[in-house]
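Two complexes follow with chain A in common, the first pairing it with chain B and the second with chain C.
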Partner chain A sequence: MKRTGDSTMYKIISESEDKNKIKIINIDKNDLVEFMEDYKGKGYYLSSITGVDMKDHLEVIYHIHNYDTHEYIEVKISTTDDKVPSLTKLWKAAEWDEREQYDLMGVIFEGHENLRRIVLPDEWVGHPLRKSYDLKKVQYISMDPEGKEHVSYNENEGW
Partner chain B sequence: MAHYTELNIGPIHPSIHGILKFKVKLQEEIIEDVEITLGFLHRNAEKICELNYYADNMVYFDRMDYLDAMNMEVGYLTAVEKLMDMEVPERAQWIRMIMAELNRLGARLVGLGAFGLDMGMLTPFFHCFIEREKIQKIFVEASGGRQEVNYMSIGGVYQDFNDQIINDIREFLKEFKPYLEDIYSMFMHSEIFWQRNDGVGILEPDVALDYGVTGPLLRGSGVAYDVRKDAPYMFYDKVNFDIPISHKKDNIGRFILKVEEMRQSIRIIEQSLDKIPDGPYFNNKAKKSMMLRLKGDGEAFSRIESDNGEFGVYVRGNGTFKPWRVHVRSPAFKNISVVPVMAKGMMIADLIVIIGSIDTVIGEIDR
Partner chain C sequence: MKNGDLGIKTTTIEKALEWGSANSLWPLTMGLACCAIEMMATQAADLDIARFGSEIFRNSPRQSDLMIVAGTTTKRMAPRVKRVYEEMPYPKYVIAMGVCVIQGGPYVDGYSVVMGVDKVVPVDVYVPGCPPSPQALTYGIITLQKKIKHETDR
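Let's turn to the complex of A and B:
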């Protein structure tokens, strides 16, 4: 199925519904920016970004919302190399959402200008929401006089 | 020549509603830029949820927006029950709705009281907390918990309403209605309140939408969006209430709007108390002995209107007893991200009232 807008062309792989009757649109990650540009033109706004670790690949789920027609749509892409295009050029809301998903899930948003950790310290090792993250390895945080946070595996070097 | 001062506010500061850090770039007293550091209350509740049974996760949702625990539970349960195809008895849904609205009143009271406290108004704070205490007494009667209630469970609620609870709620509402007007006029007749807030914290609707802002902050900018009307969950389509909006776009407009929403919440509770039917208060498929054996498969996203805005929960199951992924769309997380825009060009003292009028809860931002 191919759709042509004014100047956009993207391919919808499949459409389905989740259990709460929200429409799911599966697209390729290379079409994401074009697709979202088209939907932004239709009056949609970004509501949330979710990363899901499926062990062999990552799924990134975007919920977009139209305040006029009350439509809520789920857009799903998948990536095997952790990289997806950034939407910060389209919506400001993407800025923090993408930082959060990078921090906790390790999704790398290409084109994000300030892609650093948002809730964990900058030096933290690993992304906790990954299924492969080792929960038994405790990391201890300390702060130097300048206010920079440091992370260590040694429990005497932090709290 | 440009000469800047950098000022750190937080992480521990009495007037920023929790532990987060603002790094403010100042030119004399004018704010040039605000940088926000989060994560001081981060517990990674999303990961903890993956390690637990579906029924156990309720307590972690209680502690997200800890002032509005009932609404957090509703948010999680609407998603999980869809995932499990679990039907909720009508009586349980009405009970949930009454509790959610009562908790909205309680959370709003804390917000308003603390907002006054930020400006040095000590009196309204105490009056707000006296009233909130009465709501918490009702929660204790129903659930045993004061703030982190853990009242609802998958497929119903933990304990049925008895006549005393219904009487208590009716009596509370009767006393609360004039009391709310007193609290309201305490603010509105204060000249300092007007001077500090009139025209401060202007948020344009297009900026608000761009940043994903929801809740009173968005309605205060003139966009009539409320999940309860937009995509009604539970029985919000069976009660009459209005969605107030404000075109003033500033702190005063938002304050008046929040109080008006409380009046609408009272309307909802009053109608719900009359409509609550007899019947079971939990689904037999999810009775206590079966609760840990509930399986979820597929994916579901639900959204509800919490005190701060649109609270969304994404749950994915893989056919086992534990969820594969839980994600929370936190309204306060989006609302706080717009502070740099609202504060730009204002005085440093205005930053405090702007944060106060947004009324965020850090437990929900950091999760």
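Let's turn to the complex of A and C:
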């Protein structure tokens, strides 16, 4: 199925509804920016970004909301090399959402200007919500008098 | 304290100081997660811990005697909790409120949570619950007052 807007062209892979009548649209990750540009023109705003680790690929889900029609849409894309295009050019609010997904899921947003960790310290190793993350290797955080945080595997060097 | 026949009470300075500090425990707002809501309910009009001398919650550690650690202590928050505790003047006391603060609670073996705030600061009274009811926290404060006055039942 192909849709043509004024200047945009993108391909919708599949379209369905969940039990709460929320529309789910699957698209290719290369069409994401064009798709979102079109839907931003229709009055949709970015509500949140979530990520799912499916072991062989990552799924990134964008929740967009229309304040006039009160309609939610879940836009799903999947990636095998952890890389998806960034939406920071469209919505400034996407910046922190994408940083959170990078921090906890390890999704790399291409085009994001300041892609660094947001909730964990910069020295943290790994992305904790990945299935491959090893919870047995406990990391401890300490803070020096200047307020800089340090991460260590040694239990005595932090909490 | 001893009651004499002359209407005079004799005591020691230590006892008088203990009595004073036990009945004027000013808590510090250390609400880290959802337990803080129950802490606020304890302080509000219905259960009113001002009846027990915990008159007002102070926002500055320099003006408080009691730190109620209410809520999940994350690994990033632990150095801050330690620092705020060190800023408090002596005598100072700590109440660990909720299972997250006692041993990790539902986040036990999680990647981001300290398994018990007693690894960070010394704890005087543990109040279990998820979250503990305001009555439980009030009981914890009464227990701490007994502990300060060396009146524990045990």
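Note that the second predicted complex is superposed on the first by the 159 of 159 C-alpha atoms of A that agree within 3 Å, B and C clash if a C-alpha of one lies under 4 Å from a C-alpha of the other, contacts with A are read in each partner's own complex, and residues count from 1 in each chain.
One rule holds in what follows: a residue touches a chain if its C-beta (ideal position, glycine included) is under 8 Å from a C-beta of that chain, and two chains touch if they have at least 3 such contacts.
Just so it is clear, the structure is predicted and the values come from calculations on it, not from any experiment.
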Greater chain A contact set [chain C / chain B]: B
Chain B versus chain C as contact partner of A:128, first or second or both or neither: both
First, second, both or neither for A:142, with chain B first and chain C second: second
Touching partner for A:158 - first (chain B), second (chain C), both, neither: second
Touched partner set for A:118, first chain B, second chain C, both or neither: first
First (chain B), second (chain C), both or neither touched by A:108: neither
Touching partner for A:73 - first (chain B), second (chain C), both, neither: neither
First, second, both or neither for A:52, with chain B first and chain C second: first
Touched partner set for A:12, first chain B, second chain C, both or neither: neither
Touching both chain C and chain B, counted on chain A across the two superposed complexes: 119-121, 128, 133, 135
Parts of chain A lying in touch with chain C, wherever the complex brings them together: 119-121, 128, 133, 135, 138-143, 149, 158-159
Chain A residues within the chain B interface of the complex: 18-20, 22, 45-48, 50, 52-53, 61, 63, 67, 70, 72, 74, 91-93, 95-97, 100, 104, 118-121, 128-129, 133, 135, 147
Chain C residues touching chain A - in the complex, by the definition given at the top: 75-76, 78-80, 83, 109-112, 114, 119-120
Residue ranges of chain B touching chain A (in the complex, touch as defined): 8, 38-39, 42, 44, 46-47, 50, 78-79, 82-83, 85, 207, 209-212, 223, 225, 230-231, 298-303, 310, 312, 314, 316, 324-325, 327, 329, 333-334, 337, 366-367
